[in-house]
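Chain lettering (A, B, C, D and E) follows the sequence in which the chains are written, and residue indices restart at 1 in each chain.
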Amino acid sequence: MLLTADRVFSGYGKVDIVRSVSITVNEGEIVSIIGRNGVGKSTFVKTVMGLLPAHSGSIRFQEQDVTRSKANDRARQGMGYVPQGHGVFPTLTVEENLMMGTQINKKKPSMNLLTIYDYFPKLKERKRQKAGTLSGGEQAALAIGRALAGYPELLILDEPSEGIQPSIIHQISEMIRKINRELGITILFVEQHMGMIQELSERCYAMDKGVIVGEVGGEDLHNYDRLKSYLTV
Amino acid sequence: MLVKLNTENIVAVLIFLFFFVYPVLVDAYSVMNLAYFLSMVFLSLSLSLIWGYCGIFSFGQAVFFGISGYFYAVFTLNSGITTLTPLGLILGVLIGGVIAWILGYFMFYGGVNDVFVGLITLCLTLVLETFMGQTAGDQWMIGQVNLGGFNGINSIPSLQIGSFILTGNSFYYFVLLILLAVFIFLKWFEFSKLGIAVVAIRENRERTKLLGYNVPFIQSLVFAMGGALASLSGIFYVLWGNYITPSAFGLASATIPVVLVAAGGRKNVTAALLFTVLYYWFSQTLSASGSEYALIILGLVLIVAILFVPNGLIASLFHAGDQLFFREHSKSLLRKKGAKTL
Amino acid sequence: MNNRKKRKSLSLLLVFVLVLAGILSGCGKSSGSNDDSKTIKLGVLEDRSGDFSLVGIQKYHAAQLAVEEINKQGGLLGKKVQMVAPDTQSDNKRYQEMAKRLILQDKVAAIMGAFSSASREAIRPIMDQNKMLYFYNNQYEGGVADNMTFNTGAIPEHQMVPLIQYMIKKFGPRVYTIAADYNFGQISAQWVKKTVEANGGKLVNEEFIPLGVSQFSSTISRIKKAKPDVLVTLLVGQDQSSFYEQWSKSGDKSIPMASTVNMAQAYEHKRFAAPALANMYVTATFMEELDQKYPSAKKFVDKFYKKFPNDKYVGMEAESEYTGIMLWAKAVKKAKSTDTDKVIKALESGISYDGPAGPVTIDPKTHHAIRNVYLVHTDAKQKVHIDTEWKDVKPDWLSKEKNVDLTKKQEAKQYTPLK
Amino acid sequence: MEDLLYQFMNNFAFLILSAIGLAVIFGMMKIINLAHGEFIMLGAYIATLATKAGIPLLLSILLSVVGVGIFGLIVDRLIISRLYGRTLDSVVVTWGVSLVMQQGILILFGPSLETLSTPLGSISIGGSDYSLYRILLFVTAIVLLILLYLLFTKTTFGLHSRAAMQNAEIARSMGVNTNRIYSFTFSIGAALAGLTGALYAPTMAVSPTFGGGFLMPSFVTVIVGGANPLIGPSLSGGVLGVVSTGLDATWGTFFGRLGLLVVAILVIRIMPLGFSGLVEKLSVRKSRG
Amino acid sequence: MSKEAVLLELRHVGKYFGGLRAVDDINIKVESGDLHCLLGPNGAGKSTIFKMIMGIYKPTNGSVFFNQRNVTHLKSWDRVKLGISIKMQTPGVFGELTVYENMKIAVQHFTRHAEVKSEVSRLLELLMIRDLKDELVDNLSHGQQQWLEIGMALACKPKLLLLDEPAAGMGPEETDRTAELIRQLNQQGITILFIDHDMAFVKKLARNTTVLHLGRKFAEGTVEEIETNQQVVDIYLGKS
């Protein structure tokens, strides 16, 4: 098991937004967490990443307890993160943004920028451009490329479809799948876009009001109505 | 709403009671000294009003403090008629308010906000300090009064109402009564129609505009009120020492109100009042002791206060008092002051 | 809410406020309530921190020395002298607070102190209001005519007049003045102008430098262009004293400098590496270096360093403070009382004290001091040479030109030369 | 003309060197360091005392840089690190720090130090003497700006700190220890202040209030320059240098000083983000259009 | 329809950010009493148009007319006084104040002092959040905050109400309630211009629709016309 979260409580300040969430992610899997706006999905993955403290519960990554370690240490250990809204550094150039990724852990091999440009040829054209001037889809590509550059074991994506035209959402899904297949990187993503969930997930956890309310896998993933019940109450 | 029973209000009532009986308890010097502290309280309250209530961070209270002080000096010394001193007081406060309004207009209608207001006002105080510092020459006469450069102006007449000169206890009570009036006004203002709009501006300026409020106008208005209060402080300071110098505009004068309001509790006028009096008393006692460690102790106290009690020393005490004695976890910012840093 | 809780909280708060009241009033009274004790209190207001501490600490130490000596010799009127000396922190506001405190609460017999003119002007009216005897023991721009104020330091008649005469005679008539842009600098510059004109010289330029300026390249370039025979520097404070180092590197060191404030006050010749202060001419009422020539000066300097071995210099303000306290003590003895009016009368009787730099006599009409003045200059290694001395220089400009006679007329103002 | 140029060089160097430490700390961390002047003063003390102790000036200057840098690190760890993101509280706290430092130095070393002599002597151009050291200060200011530019654009630290400045949370998720970046930035800012103090120590009187004279020019330069510590100071140093040299030469020192402040007020009103804000806006427009 | 009936008109309005043309040469007319929808994929410039109508952004070129009056240079608050009001995309409520206080801030400016309380009650009733009167706004659900914000916009007594994604993040039940509310308001005579993505929601409400794409007007017409417009479908699927 690559990642285990066990009865995690967390939130902003003292208030628990996430209440006793437990999930597991196996190596090589593509797992999603689905649910409506404001049910605590982002809060939970931020806690996994270490950007928010867990009030209680534990998080294990690669057989190590990382519950108390800081975000930067988790990143160095092999967690890649694509924040909600992509979160590129707007006044850094595209290349500088990517270099942020390659420098995550100097002791581990990072990915060659050329490899990343192979996956995202658009970025190569714009490598000298300020990231803030890219379109939404390009920023998403940059954010994924940046996280990829550190060669993570686990790539966490927070709503990769947000702010992107429907046509591009499909492309991004394919890209993530390709990354998973070709590089063997495990994927955990948060989503509420039905198309993306169905296209990409191998297994998904449904979340509501801070708790996991269901787990969907296999054939059920194509059960439109079942998924819809989690996304719209 | 005003008479709501909580620690802050009880302490406020007790403080004012204490202030009223104070002259009975102590000698003339101590009364004069407290009169001085109370004069400086207006300066803190002025910043509390614009920063704590409205979210405008300003180093500029010293500007109005100094300008009105100088105005009062020039006006009363020129008129030579001591019965006109109350007019000097009133005009000084008005002029301070008007200048603040003009400065506010210049800034807020131009979209200057947040830390930049602090920087503009800081520069302005330094301009005035530099300018007034070099007015020692004979060309700097206004009427019969030389602005006096770095040495400033002294022998400024005390306030005289009719034939009664306000010194000693009478001056003290005069300051105290006006302080009480201002204090009650500020307490009322918090919940007035304008006061509520002001809190809205502090919390979310852009949104308040979209509710139809002319935000720059309200900001300028509050800034002018703050200017008038700071002016009152400046004139009382002049009345206390019969003296004013450009150091009224100096970096230290500009910083002190910020320090006091931040360390006392910025959204709470009682906290600003109490902390100002305590601070002046404490720093004066240290200075009088002649200890070379006075300034070090003062510096450390400020550092520790901000580090460990970020919501303000006094405001946090009030909060603790409320929790201990009143068990009331009032829900809203409009009622629970100083609960969160802006 | 139940009533018991309310009462409990009220009583707790009452206790809190009462404690606060106790502290406030206790502090107000604790030190001031021993009027009938066996000491005479002497207030000393000197800056021991902040901008002026360089001179303030010297003066404070000199005061300690004087009071210690007086007490060693049996005190005054059978009582010990107790010094009350808050730190005024180079802050004029603080001067006012502390002056009031010394007068109203500590009930001191007299107050010594203040370094800058601004500090003096902050407290002088308070002294007048409260009829408090005040000694301003400091070199200054002159002109204060005030019944309550006595000055034992040097004023323009002592320093500026002889200095300018000497310089014009020795180096030539073209004089350039740079002065601090505040009252001391401006009034002193008026004295320079007045004296230069009276001695057939020509003032080529006068330039005023705001306090706090420490960079002088434009001033230096203007001076070099004007090519004066004499450069008068009336610069004040740590920032402005940076001028000398900068002048020595890009100025014209062949132009002699003249000053009334440098060296004797803030020992720039010892603080700055040579040749920053080389070729500087100064008139002073006292300097540490007088000990080469005058035994009384040597005695004072030795005493001072014995008590304060870590101090760096004993300058003219320290001497003035010391002499001022001694004069006051002498007057108290003569009046047999610390009563202000009686002591002033004693002081106005032409009282004199044989100080470290020769006799110092109070001029009754002006309340300033009749005293010796020394002209010194520095060589390239900043070694001090004593060139001339003038004996018993009278501070008589006020009495002669402004008709001041404090023994006859009440006054409380400052006169300036060009008005 | 040489005179004016020399004066401009002097003013420029003074503005840049005053401001550079403050600019780094304010720009990168949004901390308003009112103790900046005291950091400069500390640098002057270390350099002066070390030189008096027989250490060569150059080494003493280096010692100041390291010394004040370490001091800054300690202040950061003890105090500033608890205030990241609280700009206004930092005003109060650093004011407290400045009180403690100024009085502490007074207690330790007395009201003044014996001052060093300005090294290097002077050169004569067109019959006028110019201090070589002061010309060197100008060169140092420019070299410092270049070094700073290189530090922030070419090194990993620079990249990480620019990223942390824009979005600390995301930088952390990229493996950046932002607290260490801030500490290091504060330390660099302090070290630069120390360097300024050390460089000016041989040209000025050294006392506990040494820093006071630097505070106003440093703030004005940072305000006019704007938040970006790379573009801001060099532009504002240039413009303000010209303004103050011009006013000073025509109307005297007082107007030179007043001019700085008036320019600062106008700049905030017209373009609150200062010169660097303007430049960034133009550069984005260019790369978009 | 007569000319007087046009309440809001944008004439050749454009907004450039640096070199980016967020909105380019847009002409829109909204008639009095209309329930009009702005459609378009993300980044089409819908929110930017709202901000220009409100005066938050100044148009780079073109003019905005309200009630035949050129308001292009008016400040936001003056436009509010003329009768334009907005609910923004991200809730702009005062999180640390209670629902009542939030409403009071909005209401007191347009209502006589004595009537503030009753007006707040009336609006809270209308929005069906009366029970939450003393709740801190931060504790409200996303949907409840949206309603509160609509209520605050209504407190300004608008003639034209701009709603930026009024049903975003709401469940179907809440969405239905919101749709019902909007229809009700429209029937009371308030002209409404809203942005939404959810075709089902739009179909329920809108009479006229303007479709934007990449900052330009792409199509306009009734909902039915738009729905069957193949080009509109294409831009949503990214084929264009």
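A few notes on this one:
Here is the rule we go by: a residue touches a chain if its C-beta (ideal position, glycine included) is under 8 Å from a C-beta of that chain, and two chains touch if they have at least 3 such contacts.
Note that the coordinates shown come from a computational prediction; the quantities given were computed from them, not determined experimentally.
Shared contact partners of subunit A and subunit C, listed by label: D. Among all pairs of chains, B-C has the largest number of C-beta pairs in contact. At the far end from subunit E, in terms of centres built from Cα atoms, lies C. Between subunit A and subunit D the centroid-to-centroid distance comes to 42 Å (mean Cα coordinates, whole Å).
Mean C-alpha position of subunit C lies 36 Å from that of subunit D. Between the CA-based centres of subunit C and subunit E the separation comes to 73 Å, rounded to the whole angstrom. Centre to centre, using the average C-alpha position, subunit A and subunit B are separated by 52 Å. Annotation for subunit D: residues touching 2 or more other chains are 102-103, 106, 216, 254, 257, 284, 287-288.
The residues of subunit E that reach two or more other chains are 18, 20, listed in rising order. The set of subunit B residues touching two or more other chains comprises 130, 134, 292, 294-295. On subunit D, the positions that touch subunit A within their shared complex are 156, 159-160, 162-163, 166-167, 169-178, 280, 283-284, 287-288. By the touch criterion given at the top, residues 54, 56, 75-78, 80-81, 85-86, 88, 92-94, 96-98, 101, 104-106, 108-110, 113, 134-136, 152, 155-156 of subunit E touch subunit B in their complex. Partner subunit C is touched in their complex by these residues of subunit D: 3, 6-7, 10-11, 14, 102-103, 106, 110-118, 121-122, 128-131, 133-134, 202-205, 207-210, 212-213, 216, 245, 248-249, 252-254, 256-257. Within the complex, the subunit B residues that touch subunit E are 193, 196-197, 199-200, 203-204, 206-215, 331-334, 340.
Across the complex, subunit B meets subunit C through its residues 5, 7, 10-11, 14-15, 18, 22, 25-30, 32-34, 36, 130, 133-134, 136-138, 148-152, 154-155, 241-243, 245, 247, 252, 281, 284-285, 287-292, 294-295, 321, 324-327.
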